[in-house]
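The structure is given below, and queries will be raised subsequently.
Note that the chains take the letters A, B, C and D in the order they are written out, and that residue 1 is the start of every chain.
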Amino acid sequence: MSGTDLVVLVLLGAGLAFYAAGSLGLLRFPDTASRLHALTKADNLGLGLVALAAAIYGGSLAMAAKIALVWLFAVIAAGTTSQLLARRTRLDEPRPDASDSAPDGEAR
Amino acid sequence: MDLPLSDILSAGHLYALTGAVLVGLGLYAFITQRHPLRQLLAVNVVGAGIFLILGSLGRGPDATDPFPQALVITGIVVAVALTAFGAAMIVRQAETRAAAKPAADDNARGAS
Amino acid sequence: MTFAFDLILCLMILGTAGIALFVRDALAAIAFFIAFGNLMGLTWLGLDAVNVALAEIAIGAGVTGVLLILARARLLALGDDATCSGTPLWLRLGALAACAGFVVLLAASVLSIPPESGLDRVVAPLMPGLGIENRVTGVLLAFRAYDTLLESFVLLGALVAVWSLAPAGAWPGRPADPGMTDAPMRRVAGTFGQLLLPVALVMAAYLVWAGSDLPGGAFQAGTVLAGGLLVAAMGGTIGLPSSDRPLLRAALVLGPAVFLAIGLAGIAAGGLLVYPEGMAKALIVIIEYTLFLSIGVTLALLVAGPPVPDASHPNPEGKG
Amino acid sequence: MVWRVADWFTLAAIFLLLTVAAALVRCWRGPGPVERIMAAQLAGTGVIGVAVVLGAARGDAAFLDAALIGTLLAAIAVTAFVRGTARPGDRSEDKE
């Protein structure tokens, strides 16, 4: 087993560990906000490390570039969805008529 | 990844059997579920099962048959078009029903 | 090793499908259905049918999910929460017996057919005449082109059918505004939509271009475009157009019309949908680029739904 | 059996499937709609991971196109979900 293979395996293992942590966090954390935290942080680090392992193993530059794009968009998508879900959670928590969010909601 | 022939054969059959069970599950749900939106899901699962049978039986040892693949792609797009039509019809039906009721619960108009 | 992967994948597909069909809460059903679509995409990867996987992931995970979530939200606003209701026991038992019997018959007949790619050997020698490498694209746009031609009209027909559900007085009008009403959400989704729409357009164009020789093609590309359009519409980046805009109508019929025109022109070369010698690749690429545009717009409008009365738009959005 | 790196990638794909299954348990339990959508989102990311890993194991760059489509459209269901009921005066749905 060459040195590159070892690096690939270590990265792969670390990525899988983060995936597992993300799933575990989603399962075990007590409230929505902390579950969201587990989802976005651990999951994207997991995908990032797995993608890095795949890029090094793949060898070709074209493949590595594609993998980098996959990760880039996954991070952007995760950032967006976590913002939206957090906002949704906050809107849901107090009753909607508690006017916590009144300044920006044009309550037509 | 090079695989022994037997593995690929059994994998093709494995997916085809999964497709057969999906068809059965979908049919059962279609008969027993009462809400049209759930029946729409059931029809989609039946479709997915049929696609899986078609595609996996074309899985040869060194290639996957392009004919069923093309059929399945066509089928997937038609399925989503008809699902959209079904969903629009279900929503429209619910709107009509809500409008027909006396105006006790008048949140029907503004809700998109 | 690969077989273990296949086995776990198949079990998870059956599990997600079962839960999606029988769970009580409608949103849970839809969430499981989205996961089901994602896993179906993986089965196509496992079967080395990457062309199908691209379509399945884009549609199963993207477009159908949005469609169902929007439909469910609209039903919920009307007071219909789409939960399961009980059915009589005799019906359930009868259905169980019938479906179990059917599955056994289907499984037996499936097992009597050995999986093989016999038609692949038929198609392979014909490919050089087309000048493209992707055999699935070859089947879709050359050997069985009339299927694809008819399908593009089916899509158009589905959109006409959806539009025909517009309530009285709503025609011609715009679909219900899918945009966010909450301003912070609108800002976040708007920024995302502004980023995603051009990226989706580039990705779609790449998929069509790659589709000649590598996995890809007009349907996959059209679905990606539809996804980008929908996100942009939800973020308020683009407004949904009125159903009678000439430009929109032109975009909808462009693909099928070009396909039909090229198909009819083929009569001069020997028959309907026959490509003249040496021009096959150029014509296929032209058809695919126009078709992808039409499919993308059609799918996005299918998800958006029929036009609604203008009165429900107190402050109309800018046109897209 | 001699373990090549490609086999490790296939093993990683199996492991990722299992994490997806774990995430789906949260989808099953809920309790709220946000949790269900979150779990579906995590399942989507898991599936993207599987596509990347399988692409590496089989050396097929086209698998990465599938992953790329998955990431591009990953946020679309969540976006549709959050706009659904987050309007003032709409009925709350967290009675499930």
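Brief remarks follow.
In this section, contacts are C-beta pairs under 8 Å (C-beta built on N, C-alpha and C of every residue); 3 or more make two chains touch, one makes a residue touch a chain.
None of these values were measured; they are calculated from a predicted model.
Looking at which of B-C and A-D shares more C-beta pairs in contact, the answer is the pair B-C. Averaging C-alpha coordinates per chain and comparing to subunit C, the farthest chain turns out to be A. Note on chain placement: the centre of subunit A and the centre of subunit D lie 10 Å apart, centres being C-alpha means. Spacing of subunit A relative to subunit C, judged by their CA centroids, is 26 angstrom.
Contact with two or more other chains is made by residues 1, 107, 111 of subunit B.
For subunit C, the set of residues that touch two or more other chains comprises 2, 46, 63, 70, 72, 77, 79, 178, 181-182, 185, 189, 192, 199, 220. Residues of subunit A in contact with at least two other chains: 73, 77, 80, 84, 87-88, 91, 105.
Every residue of subunit D that touches subunit A in the complex is listed here, in rising order: 5, 8-9, 12, 15-16, 19-20, 22-23, 25-26, 32, 34-35, 37-39, 41-42, 45-46, 48-49, 52-53, 55-56, 59, 61, 64-65, 67-68, 71-72, 74-75, 78-79, 81-82, 86-90, 92, 94. Taken together, the subunit C residues at the contact with subunit D in this complex read 1-2, 4-5, 8-9, 12, 15-16, 19, 23, 25, 27-28, 31-32, 34-35, 38-39, 41-42, 45-46, 50, 53-54, 57-58, 61-63, 65-66, 69-70, 72-73, 76-77, 79, 81, 178-182, 185, 189, 192, 196, 199-200, 203, 207, 210, 214-216, 220, 224, 227-228, 230-231, 234-235.
Listing the residues of subunit C that touch subunit A in their complex gives 181-185, 188-189, 191-192, 195, 199, 314-315. Across the interface of their complex, subunit D is touched by residues 5, 8-9, 12, 15-16, 19-20, 22-24, 26-27, 32, 35-36, 39, 43-44, 46-47, 50-51, 53-54, 57-58, 60, 62-63, 66-67, 69-70, 73-74, 77-78, 80-81, 84-85, 87-89, 91-92, 95-97, 105, 107 of subunit A. Residues 1, 3, 7-29, 31-35, 37-38, 40-42, 44-45, 48, 51-53, 55-67, 69-74, 76-78, 80-85, 87-92, 94-95, 97-98, 105, 107-112 of subunit B are the ones touching subunit C in the complex.
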